[in-house]
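Should a chain be cited, it is by its letter among A, B and C, assigned in written order, with residues numbered from 1 in that chain.
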Amino acid sequence: VTLSGDARMGIVNPIGSDDVAFTSRARVKFTLTGETDGGLSFGAEFRADNASFDAIDAGDVGNGGAEDGVAGNVYISGAFGKLSMGDVDSAAKAAVGNVDAIFLVNATDMQESTFIAGGTKESVLYEYSTGSLGFYVSAGQISNDFTNTPDVTATPLALGVKYSTDAFTVALGYEDADDVGNTTHLIVGASTTFSGVTLKANYGTAQSDIAAVDGGSQFALSATYTADALAATVFYTDDEELGGSKAYGIGASYDLGGGAKVVGGYGKDKTADDDTFDLGIAMEF
Amino acid sequence: VTLSGDARMGIVNPIGSDDVAFTSRARVKFTLTGETDGGLSFGAEFRADNASFDAIDAGDVGNGGAEDGVAGNVYISGAFGKLSMGDVDSAAKAAVGNVDAIFLVNATDMQESTFIAGGTKESVLYEYSTGSLGFYVSAGQISNDFTNTPDVTATPLALGVKYSTDAFTVALGYEDADDVGNTTHLIVGASTTFSGVTLKANYGTAQSDIAAVDGGSQFALSATYTADALAATVFYTDDEELGGSKAYGIGASYDLGGGAKVVGGYGKDKTADDDTFDLGIAMEF
Amino acid sequence: VTLSGDARMGIVNPIGSDDVAFTSRARVKFTLTGETDGGLSFGAEFRADNASFDAIDAGDVGNGGAEDGVAGNVYISGAFGKLSMGDVDSAAKAAVGNVDAIFLVNATDMQESTFIAGGTKESVLYEYSTGSLGFYVSAGQISNDFTNTPDVTATPLALGVKYSTDAFTVALGYEDADDVGNTTHLIVGASTTFSGVTLKANYGTAQSDIAAVDGGSQFALSATYTADALAATVFYTDDEELGGSKAYGIGASYDLGGGAKVVGGYGKDKTADDDTFDLGIAMEF
């Protein structure tokens, strides 16, 4: 059992507010690792703030912990790959990922693409990599990203594949939730780095009978420049047709060393016609 | 302050469901120990998932922790014995214990005997051992095992005595909750190990004016075979007359080393006419 | 990330009850520290029991942690002083503090003076010390001490200054919450130690348009005698005009070494005409 932590302090003007407020947070993460006699690695991780979520279900006090995917995950890995259970990403998200953004708080995760699978309930993710190729398969729960009324009995399946070289990465993800309005989602992502600049782009297209979603496409772009202690990012994203919003933002961080950074960002949600900014110090321990 | 942890991942078909579901959990346990100048040991232990239970009482946020017996316990020990407070067992349960079962999840604890005392509120347990004899005295709260509407103001008393040799153990427990329907409970337990097989048996008889219980008897039996990395258990239990159920089960585990085990079990609740099975990996850190 | 902990076990007759009850509690505290390349110190601290408070807001599960001042605090310090955010005291309380009391439990904090600022929501405290002088400035939220219906949008400001020598300490605090009934509060405190006795005294006077408070004055006195392992304290306090109560109490502790103490106290709330006592063992790990 090892411990790590993070914290932040600063100011924020969140989406949905005209006021600037103070913000601070501290968290601790538990990392549990072991190895069997046969050489399989196993372990788990969760945060102190997730530890007792289940305690809220008054009838379920005795169970608690990072249980049933509410937070954290448990894994076993070896030559066969890695099998994780709990609050894990869908295979599509694990392969494609999201474009970059820099904020101190970013409560709305506005740069993120919409994925169908991977909510906060029990999910399973299998990963296998060989050379430049990574393969991902998952079964899980419908994501809150995709619909505001997730069907908790749905178990969307997802596939992902990623090809990485030193110069670029391309990835493809497919999600299938046929028990939730015959919903399917295909997403591709690519990233490349040159001259200190990292470009990332995602494009996805979904079919769905859910009235509020009705299918459509999404894209997201980011450019991040890093030089010594400085990092700066701009992004533009549009997943409005999939229940998200059009948004753009710009942010920067300056590394003070020892795990502390000055971090600030500005974001504009064009769909909601609202903006957010934050500035402060982010810490890693 | 030292840390340990446990985790599990696998599949489960729980009581009350016809579906097989994924299950995972990770927990961390805090163990606090100290010693006075006079040589008394003291300490406490609780789990991360129990740490903030009291936070749910919105008016009681500042207190929190493993408080007032909701979880964990605090103790002091020396030549006089050991005095523990918090979420401790009744003296009868501490002396007699339960028969064995092997499951990955076992949410219903179906092999467990019914004890009157020892709920999840503040209780006190005193233990003293000398040679082969152990004595137990406790005062605490009525258990959820015994009645679905526990009287939180009741403070059942309990006594226990255990005699252990290398070959066998016999134990006797008595619980008295005269402020809850004049309820009393006498329970005896025995266990013995030979040729790699451990047999355990409990028999209890209770008197009570509570209509739903009305007194009666209970018994539980288990046989566990261990050989190197393998362990296998069968059990049969009947505490139907005390508000529980008739049940039997079989389970096995195989130790992979390093703290990981493959574990699976099958259980049948005859009273509810429902069964459960689970299979997966249990981990200790 | 370092861990420390505390625990207690004993008996208590709390305010509002005629019964003596068992009490126990165990807690763990996380302390996170770091240093930038430029020599600034930064860190955070919170307790395991505070870790997941935000999980109660079901819509806010992902955030959690010692967030937004609900518990714990985050700081950065250097030659410029120390800036803390989170669940911090008002500048007036940081400078003047409270008189002493010894209890095992002391759930009502009856010896404490009333301060306007410093609730359990996000606050900011800046501290700077030079030689014998310490300066404090804070902005935060109205305190629960002062009114039972705190205005969560209020952001009272506070100032404090403290002068300390080996022989005595004097401190002055001023709190201004003009957006809550034009409330202001001026408080002075002094302490001195001689012959093993520490005397502390606070006197404060407040103006307010809030009907329930209506302004008035408060005072608090304590005398603590320490000799080797023994400490004994008496206190008298009257903040009845500011929504508190007249109270007095006496308590003592005896250090057993290794972090354990026998602790007991008696307190009388004259306004409520009720008393409390407790006795037990307090532990530090």
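Operating definition for what follows: contacts are C-beta pairs under 8 Å (C-beta built on N, C-alpha and C of every residue); 3 or more make two chains touch, one makes a residue touch a chain.
Values in this document were obtained by computation on a predicted structure and should not be read as measured data.
Both subunit A and subunit C derive from one sequence, and where they touch, under half of the residue numbers involved are common to the two copies. Chains compared, subunit B against subunit C: the Cα-based superposition rotates one onto the other by 120 degrees, nearest 5. Taking each chain's centre as the mean of its C-alpha atoms, subunit A lies 39 Å from subunit C. Counting only residues that touch two or more partner chains, subunit A has 3, 48, 51-52, 56.
Subunit B meets subunit A in the complex at residues 3-5, 7-9, 21-28, 47-53, 56, 70-71, 107, 120, 256-260, 281, 283-285. By the touch criterion stated above, subunit C contacts subunit A in their complex at residues 1, 3, 30, 32-38, 40, 42-46, 48, 51-52, 54-56, 58, 61-69, 72-76, 83, 85-86, 122-124, 139.
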